[in-house]
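Taking it in order: structure first as structure tokens, then the write-up.
By written order: A, B, C and D. Residues from 1 in each chain.
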Amino acid sequence: MQRLVILGVAHSDAHAVANHLIAMQLREYGFTVVNLGVCTPLADFAAALEANPTAEAVVIGSLNGHAYADLADLPALRAAGRLRCPVVLGGNLTVGSHKSAGGIERLRGLGVDHILENPFELPMVLDLIREAATAGRVAAGV
Amino acid sequence: MSETVDWAGMRIDRSTAADLPQWRETVDALRTSTRPRAADALRAAHRTGRPIAQPRCGVGGHEEMLELLRRLEPAGPGMLTVTIDSYTRLKQFDRAAQALREAPADLNGYPLTVHGWRRGRQLLDAVGVPLEVRHGSPDARDLFAVALAAGFTSFEGGGIGYNVPYCKDVPFATSMEAWRQVDAVCGALADDGVIVDRELFGTLTAVLVPPSISLACTLLEAIAAVREGVRCLSIAYPQGGEVHQDVAALRSIRALAARYLPPHVAVHPVLHEFMGVFPRGRGTADALILYGGLVARLGGADKIINKTNQEAYGIPDADANALGIRTALMGTSELLDFVALDEARIDEEMSWLQREVAELVDPVLQDGDVPAGVAGAFAAGRLDVPFSASVHARSLVVPARDATGAIRYRRTGELPFSAAVRQRNDRLTDTGAGSPDRFIQAVTADINYFLTSEGVTS
Amino acid sequence: MSETVDWAGMRIDRSTAADLPQWRETVDALRTSTRPRAADALRAAHRTGRPIAQPRCGVGGHEEMLELLRRLEPAGPGMLTVTIDSYTRLKQFDRAAQALREAPADLNGYPLTVHGWRRGRQLLDAVGVPLEVRHGSPDARDLFAVALAAGFTSFEGGGIGYNVPYCKDVPFATSMEAWRQVDAVCGALADDGVIVDRELFGTLTAVLVPPSISLACTLLEAIAAVREGVRCLSIAYPQGGEVHQDVAALRSIRALAARYLPPHVAVHPVLHEFMGVFPRGRGTADALILYGGLVARLGGADKIINKTNQEAYGIPDADANALGIRTALMGTSELLDFVALDEARIDEEMSWLQREVAELVDPVLQDGDVPAGVAGAFAAGRLDVPFSASVHARSLVVPARDATGAIRYRRTGELPFSAAVRQRNDRLTDTGAGSPDRFIQAVTADINYFLTSEGVTS
Amino acid sequence: MQRLVILGVAHSDAHAVANHLIAMQLREYGFTVVNLGVCTPLADFAAALEANPTAEAVVIGSLNGHAYADLADLPALRAAGRLRCPVVLGGNLTVGSHKSAGGIERLRGLGVDHILENPFELPMVLDLIREAATAGRVAAGV
């Protein structure tokens, strides 16, 4: 089955180049990439997931240091039953207020499932997510 | 959305229109003006064979803008710029006005619509060379109306080039229609004897844009503009970095114009000095700026938009910008006329490049409606731009530098290229089997091309 | 005349010697110094294929000289200069001292013998690149002794090049002997493991000097120097303005060295950027400086002595000099590596040029005594320099630019050229019948070559 | 008979290029030029004339504005019977203190016979000098 991910850049962030590089990388790995592009509100990621329910993950890039603010609605969305697939966050998360490990912990506290420091880790992380999902389905007898 | 009114055939904000003089006054002022005109400066450059240089420059405050223009003029630009701020580009005139009141230094350009056409006229009167408005607005109709009232004779932008790199979600139909109206005003003015130079921003996303994509997009914008009556076009191409390819691309602008545009239209090739990731070392940065000037002259450009050696660090100060003008002009000196290139290699590049452009453009032109054709082609990926900010370009194209540094297609996406074109690009970008990770490293290295060489040259 | 004493084999003033450390101390200090050495910088430049740039710079006051060096260093020179004042050049040390006390700003260089070797050492310690002493003295023995004690590892001058343009009436026998003694000291130092770079000033009178005259004079100085034991030579050639000729001349320096000098001697070609009447317009001046850098790289020079865009107005300020360094280096950038010349044309130039040099040099070498040979040849006009300040060169040679701008012989005077060489020069300078007045106008126009083009390029 | 002139630059002046250009010009016109070069004291011109008594003229260049000072000894030398051939002065005589016609008059007062503003006039002036000398010899019955 064709593997599919939803990709985009956080709402306040207009950096297009890294976003496209990641999209290219994933396509090289054989993924179908639904790329929502720059300045994408979290609700748009949720809508894209509803339109593409087979997505293995939502991958969000953030290069401008405002990741926490841009993802602040994640708990509310999840509480409303949306955006329930794994969320992977990558980019320059260590700039500004996120320099500390505390910053990373705050992001995890929002419900971010995986935090990438290096974009090259992304395919591996997606593989781990699929394995975990498969194991979950096996355990559930699906 | 504010209420719009008709102004010379363009829909503009009522509040913008309220402050403007009558259309006939504007036309008469343009026709009787003794100020230098952009079209004349470009024609003179073409006649002498020496491109003029033009900096980008714009600051928020009016006095500061006057001062900036006056400080740049002694460096010898053939044209100067009023670069517009981001708020005005997005028609957020109220936010631009607020920023101008509260923190004008924070504006990244001159909010011309807020300052108004009378102040714009003061800018024009401050220096002895023509001024152009450069911005990046998908819908610049209000800005254009104010610029005309002020007396500007050169205006940059187009429905593709001022959409793809600047906006996430403006449909091509919207931007093409906004620019159609601008071009139609230029056509009406031309009938009245006023020639406005319309410059097309071929740089697009500025990241490894294959030359045939740049030329295809500006050619489509040019064809659309000419159909509305535009008679003077500056067609800009971004320096890629490989001299034969860049010279071939600049020379192809004239060749393509001869093929696709009527002969009464003046077409001026413009070189944007390297727009990608700029070297930080001053020596390499200066050399790259010089190199651009030399390429412009060799390619027969009529104008260079110069970079500065502070490019890697943000908006340059006036001194760096003046030096950038001088450095670019150095490359156009007749003292370097001994520099000769491999003309056979350039001819071959031109041949393939024009073939690629034709394969991109001809299908779009088939139905006759250029704006609709452009929108449809982008939606299908038959036109595409790598690294697009707009979701309306699919960015399935993957560029690569070949062994010489020329920009090729590593992946052609949905572009309707012939087998011959695809095979040539495959051959030139075939770097052997590589992992997807290696692939992404290679693209990154190609983007950072002029950083790589920095260790050696600065 | 003051009393002289022996110092390491050189005759120098007793008063100069009295202030110097012991010879062994000087040698040991040079040998154990960790400062950058000129010979190393030149070798590194040769290895990378990228010439280093060096400005001329010298002011009277010590603090001002320190400040000047520190202000120029960030521009990226590979070597810096201490240019010496005119009084010191003529060994008028008392007048130099008086000027230093009363009006140091009036000195046109740094009076090193007056400041003394300890301050010279402070100059060397102020920057991270080697320093060279440049002056123009027919007899620089005292100056050289002080420079060595300070720790300088590069010293310019020779018995021809530092006589002809600078003195009216110093016999060649006198200047050749003074420089023989300097070279002999370098030879003794080389035996002790200390390599001093000896640079030869091939620019001569700087006015339309035919390349074969420049190369013949430096080659004779080089042969004389090597016989005294010199092992590192910088051989300078002045940019004439025609690229093929200039590249041929620079490349011929290595070829002639291979033919006339033993292989253990390091020879570094140096380009003096155009030394003639400099354009006043900044644009043309900058382009000419850049052009020099490009020619130096194409010709395989290891060093460029850069000009500045204030050249036409006198001694440049530090900012202009720094910009001159940067501009010259721009011309050496690898980004310009695509510039290719007509190699067949260069080969032909090299062949004729080396033939002319051989026809000038070989007769002088016949008797074995180079200083005597040089003096005799100049007296007879078999060696000659146009526009000589010295009455000991006859200046019967009349140069001319040919149709390409290359410098040829319009009249060969008493030079012992073969019929073939004379015929080629006649052919290249045959501009049809002309009146004597027209003749002098033509020579003047050739001198003002880069003024003529100014109207077009700046 | 070979025409001969003595050429040089005034004592305080080191400009060599114009001096050589004039020498070249005169040689092109067929003159033998005894060129004393830059920084030549007036006494050296006198000595050169004694060594070359057939000289038609002594031509002195001055570009630095100090012509009057450099020629101040001319009356004394002539009073001593030396430097009696025509003296031609050329160069930038109008700089500094010699801008006025008065400056030119002062130079004539020293005994300068011909003052050139334009070096191209020199051959014509030398022809006039020779004609005058020939006329003088004819008148004297020589």
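Simple rule for what comes next: a residue touches a chain if its C-beta (ideal position, glycine included) is under 8 Å from a C-beta of that chain, and two chains touch if they have at least 3 such contacts.
Worth saying up front: this structure is predicted, and the values here are computed from it rather than measured.
Our note on geometry: chain A versus chain B, Cα centroid distance of 35 Å, whole angstroms. Chain A and chain C have CA centres that are 66 Å apart.
In chain B, there is no position where the chain touches two or more neighbouring chains simultaneously. The touch graph of the protein chains shown is a line. Under the touch rule stated earlier, the contacting chain pairs are A-B, B-C, C-D. Looking at the complex, you find that chain B touches chain A at residues 168, 205, 207, 386-391, 395, 398, 436-437, 439-440, 443-444, 447. The touching residues of chain D, when paired with chain C in their complex, are 14, 16-17, 20-21, 23-25, 28-29, 35-39, 119-120, 123.
By the touch criterion stated above, chain B contacts chain C in their complex at residues 76, 243-244, 282-284, 286-288, 290-291, 294, 326-327, 329-330, 333-336, 338-342, 453, 456-457.
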